[in-house]
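The two complexes that follow have chain A in common; it is paired with chain B in the first and with chain C in the second.
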Partner chain A sequence: MSRAERDAWIAGIIGLAGALIGWVVAPSQVPHAWLAALTAWIGWPLGSMALLLTHALTGGRWGYAVRPALVGGVCSLPLLIPALIPFLLTMPALYPWTHADTASHLANHFYLNVPFFAGRGIVYLLVWFGLAGLILRALRSAEADPMLERLAPAGLILLALTVTFAAIDTTMSLDPDFSSSAYGMIAAAGAGLFALAVAVLLTAAALPPAEIRADLGKLLLGLVVLWAYLDFMQVLIVWQSDLASEAPWYSVRSTPFWAVIAALVAAAHFALPFAMLLSPALQRSRRCMLCVAGLLIVAEILYSWWLVLPAAPRGLRLIDPAAMLAFGGCGVGLALRLRPRPLAAVAHHG
Partner chain B sequence: MQPVVDPQETAGSMTDRVCAIALRERAFLWWWLLMIPSAALSGLLVAAVFWLFYAGVGIWGIDWPVMWGLAILNYVWWIGIASGGTFISAMFFLVRVEWRTSINRIAESMTLFAAACAGIYPILHLGRPWFFYWLFPYPNTMTLWPQFRSPLFWDFCAIFAYVLSSILFWYLGAMPDMASMRDRATRRGQQIFYGVLAMGFRGTAREWRDFRAAYAVLAAIMAPMVCSVHSIVGLDFAGAQTTGWHSTEFPPFFVFGAVLSGFGMVLFLILPLRRLLRLESFITARHMEVLARLLLTSSLCLAYAYIMDAFNAFYTGDVSERIFFHDRISGVYAGVYWWTLFLNIVVPQLLWWRRLRLNQPLVWLVGLAVIVGMWLERYGIVVVSLHRTKLPSAWGNYAASFWDWATLAGTVGLFFTGMLLVVRLVPILSMFEMRELLANARRQG
Partner chain C sequence: MSGVLAAFADEAALEEATMRLSLVPACRLQTYTPRPLEDDPPRSRLPLVILLAGMLSAAAIFGMETYADTASYPLDIGGRPLFSWPSLVPMAFEGGALAAVAAGFFGFLIANRLPHLHDPVDESEGFRRATRDWYFLAIRAPDAAALAEALSILDELHPELVEELPA
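Showing the complex of A and B:
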């Protein structure tokens, strides 16, 4: 076991212990804390798969440079299975539509009900684990690129649909009255951005030549803009229409505390990285790229809290960073444990 | 992978071929055969506009509740088609793909005339078009200002900026080629014509340096601008309380649709032009392959948007959305919805097969199919939504009048007249960029 892996597991165990203490001390805070951490982390494996498949179609040097880190992301997917247990146990506390009295008033009860939810969940798991298996098998073979290219179109279509509906099921349905057709696109763009930021951060120590760093910088810039554009369009449309079914979703997320978090997200998820990545000189600087990647990861964590916790409704508690640490530590630990060894060597030649 | 240009071609042979098209004394026979009907349709547009100014918008089919008829849907359709050119010339310039070079002039010219056709409609639709300048926010004695919170005002700003920048981008990009034409022209009239257009461009090192900087800046402005234009068009609809319109995905959805129709129109134009102008060695199978893939990708993005649109109609708590959706798929205008799906989503799926992507007549037909499909999609958004609003007492149908169709046919004529004039007068390939491409190919090959 490498030192990095050991450190990751230690961090994960500390996080888990914190979450466990939280469960004993304040059980009502667990469901949302766990869901927020799950929402942030799942972007890493799913976004990594999407980036690997996109790169198989478009090519480019950047993809080979971050491939080991992206593969690590895919390898962390098995964490989802144990992570689902607390989620499933706490579902009634999360979703009003699981209660018969609330559900009977809902127009979307045909979609938001436990059996259908479970069925969809099984489909997502089959698609994600199936794709992860196929991607890893392709990468282990001698003809990795052509195999990935054949897999990419179907894989990306399946990912787009499953990520969209999984986002609707897990976080949008926290408020069953709220609906936004752009919600899935925002989640997908956020996952891709998060996965690339993590990949840049993990590759940083052996970060590739300046030109490839600049390519990665441009790609990060593109994803930052895409995410901000989609999210801003949702805010703008909800604001200009001001409907009773949508505005409350933002009202609970703009209490004084959550408004500050929203402003921090706007700064760290868009304004600052955007301004930094515009400069070609900064794109080439390793330190700057590390800062941007770190900032984006923090922003994604804040964003997940902002998305999930106000539904409780509550503010930030100690259990929230503990759950996030549990996912981060265990995720990185698992990625380092399961990552195929020869890959790092292949990647340098690519 | 197929080459972007035929390896036999040199900078000299390319310049000869391209200049010869514009400098030849007599136009091709096919040119006249296309120009006569196009000019006739443009004449029809002039007649339709004059009659409209005289008689008012009552000559159109618009009436309560469908007050946005063909004029607005044609506007959205044309501005969508315009996007294809900007994507190819600006977006792909920024990401440095080499295949854009042979087709960017055709694509940008398409943008120019499609945007012009689009820009006509909102002004005609105003009812009192002579007051169109009221849309500008300017200090006036009535102290009246536009509603800055309305997307319609920002739509006006976006289109205005887009049309202006498209003209600038097209003209700036053509300037070095105008200088080549001036130097090659032998007749006095041509020398003066291209000399004026070249604005004294001599090709000095300093001119090239300034030119490149200006072109890159314009490209960097155009690329986000084209997305913002369609997003704001989407916001025009999404902000309203009309069934089928209020949807947060509308801005990206409009971008997807615009790009699809834009790529459709580029394919529709370049496939015949490469044959008629004998440009097969510059616009190669590679271009068809790439454009067909892009068309397929944008069709898939649009399919995603359609899925979310249908899902949201049932997921949302609003009963009127569900009633409207039922009407959309089985009501009077159900054909519009199903044809939209067939032409925009089903037909482009043929392009999954490489053999079919390289079949020129088929790709040309797919291009035409998505152009028609996107017109129908806008018919669905504009007319079908308005005919079933939230208030059942205000339900009603719409039928376009002769003058609606005449105006549409007229803008089609105007578009093709413009394109044919460009083919006749302007170098149809960006020669200076082609020379760089050929030099690079030589160095590598």
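Showing the complex of A and C:
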């Protein structure tokens, strides 16, 4: 076990212990804390798969530089199985539509009910684990690139559909009245951005050449703009239509505390990285890329809290960072444990 | 003003010629090369101009919209506050992007002294090789003395081709 892996597991176990203490002290805070951490973390494996498959279609030296980190992200996917247990146990506390009295008023009850939700969940798991298995098998073979290329079109379509519906099911349905057609795309853009930011953070330590850093900087800039565009369009459309079914979703997320978090997200998820990534000189600077990647990771975590916790409704509690740490530590630990060893060596030649 | 066109086989020779000829007073030099020179060119100020044009226009348009909505022509639309900032963003963004692109387009033309439809170097037959393998240097001298000095320096450099340019 490497030192990094040991540190990651220790961080994960500290986080888990914190979450467990939270469960004992204030059990009502666990469901949303766990879901927010799950929402942020799942972007890493899913976004990593999407980036690997996208790179199989587009090519480019950036993809070979971050491939070991992205493969690590894919390898952390099995964490989802134990992570689902607390989620499934606390579902009644999360979703109003699981209660018969609320559900009977809902027009979308045909979609939001426990059996159908479970069925969709099984499909997501099959698609994600199936794709992860196929990607890892392709990468282990001698002709990794052509195999990934054959897998990519169908894989990306399936990923886009499952990520969209999984986002609708797990976080948009916290408010069963709210609907936004951009929601799934925002989640997908956020996942891709999160996975690329983690990959840049892990790769920048290995000192890739300045041109590759600049390529990664341009990609990050593109994803930052895409995410900001989609998220702002949702705000704008809800603001202009001002409907009783949609506006409350933003009202509970603009209480004084959550409005401050929203402003921080706007700054850390868009304004600051956008301004920093505009300059080619900063894109080439290793320290700047580490800062931007770290900032984007923090922003995505804040964003998940902002999405999930106001639904409780509640503010930020100690259990929230603990749950986030549990996912981060265990995810990185698992990625380092399961990552195929020779891959890191091969990828350097790419 | 008279001039001369010289061609060199590689970048190093062009560089040496440029360096030595730049010491001749009042001579204007212009290079034409088949590929970008390896030496980093001086940083262009155009990106800064584009950034400023974009930011200033976006701010100006946002300010104009705010003035129109709150002071000049306040209108109650479905009970929204008069300063309804989300709906002001698209216009400010698009105006900013337009101004940035326009600044880039016209700034590029001005910085490169374009459009420039004809230049004496176009008359030279050999000049076509500037698109393939030769590195060209056009020298403009204000008077006969400077031209003679430039020619004597060129003589020492053994260029592939020397041609007089029409005035």
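As a convention for this text, the second predicted complex is superposed on the first by the 350 of 350 C-alpha atoms of A that agree within 3 Å, B and C clash if a C-alpha of one lies under 4 Å from a C-alpha of the other, contacts with A are read in each partner's own complex, and residues count from 1 in each chain.
Operating definition for what follows: a contact is a pair of C-beta atoms (placed from the backbone, for glycine too) under 8 Å apart; a residue touches a chain by one contact, two chains touch by 3 or more.
As the structure is a computational prediction, the values presented were derived from the model and not from experiment.
Using the contact criterion defined above for the overlaid structures, shared-chain residue A:28 touches neither chain B nor chain C, since it reaches no partner.
Set side by side, chain B and chain C differ in how many residues of chain A they touch, and the one touching more is B. Looking at the shared chain after the overlay, A:251 reaches neither chain B nor chain C. Of the two partner chains placed by superposition, chain B and chain C are both touched by A:240. Shared-chain residue A:141: touches no atom of chain B or chain C. When the two structures are aligned on the shared chain, A:278 is found in touch with chain C, with no touch to chain B. Where the contact sets of chain A with chain B and with chain C meet, they give residues 236, 240. On chain A, the positions that touch chain C within their shared complex are 232, 235-236, 239-240, 242, 278. Residues 51, 78, 80, 84, 86-87, 89-90 of chain C are the ones that touch chain A when the two sit in their complex. Residue ranges on chain B touching chain A, taken from their complex, read 149, 151, 224, 227, 231, 234-235, 238-239, 241, 246-252, 300, 304-305, 307-309, 311-312, 314-319, 322, 352.
Here chain A touches chain B in the complex through residues 106-108, 110-111, 153, 157, 160-161, 164, 168, 177, 179-185, 225, 229-230, 233-234, 236-238, 240-241, 243, 245, going by the rule given at the top.
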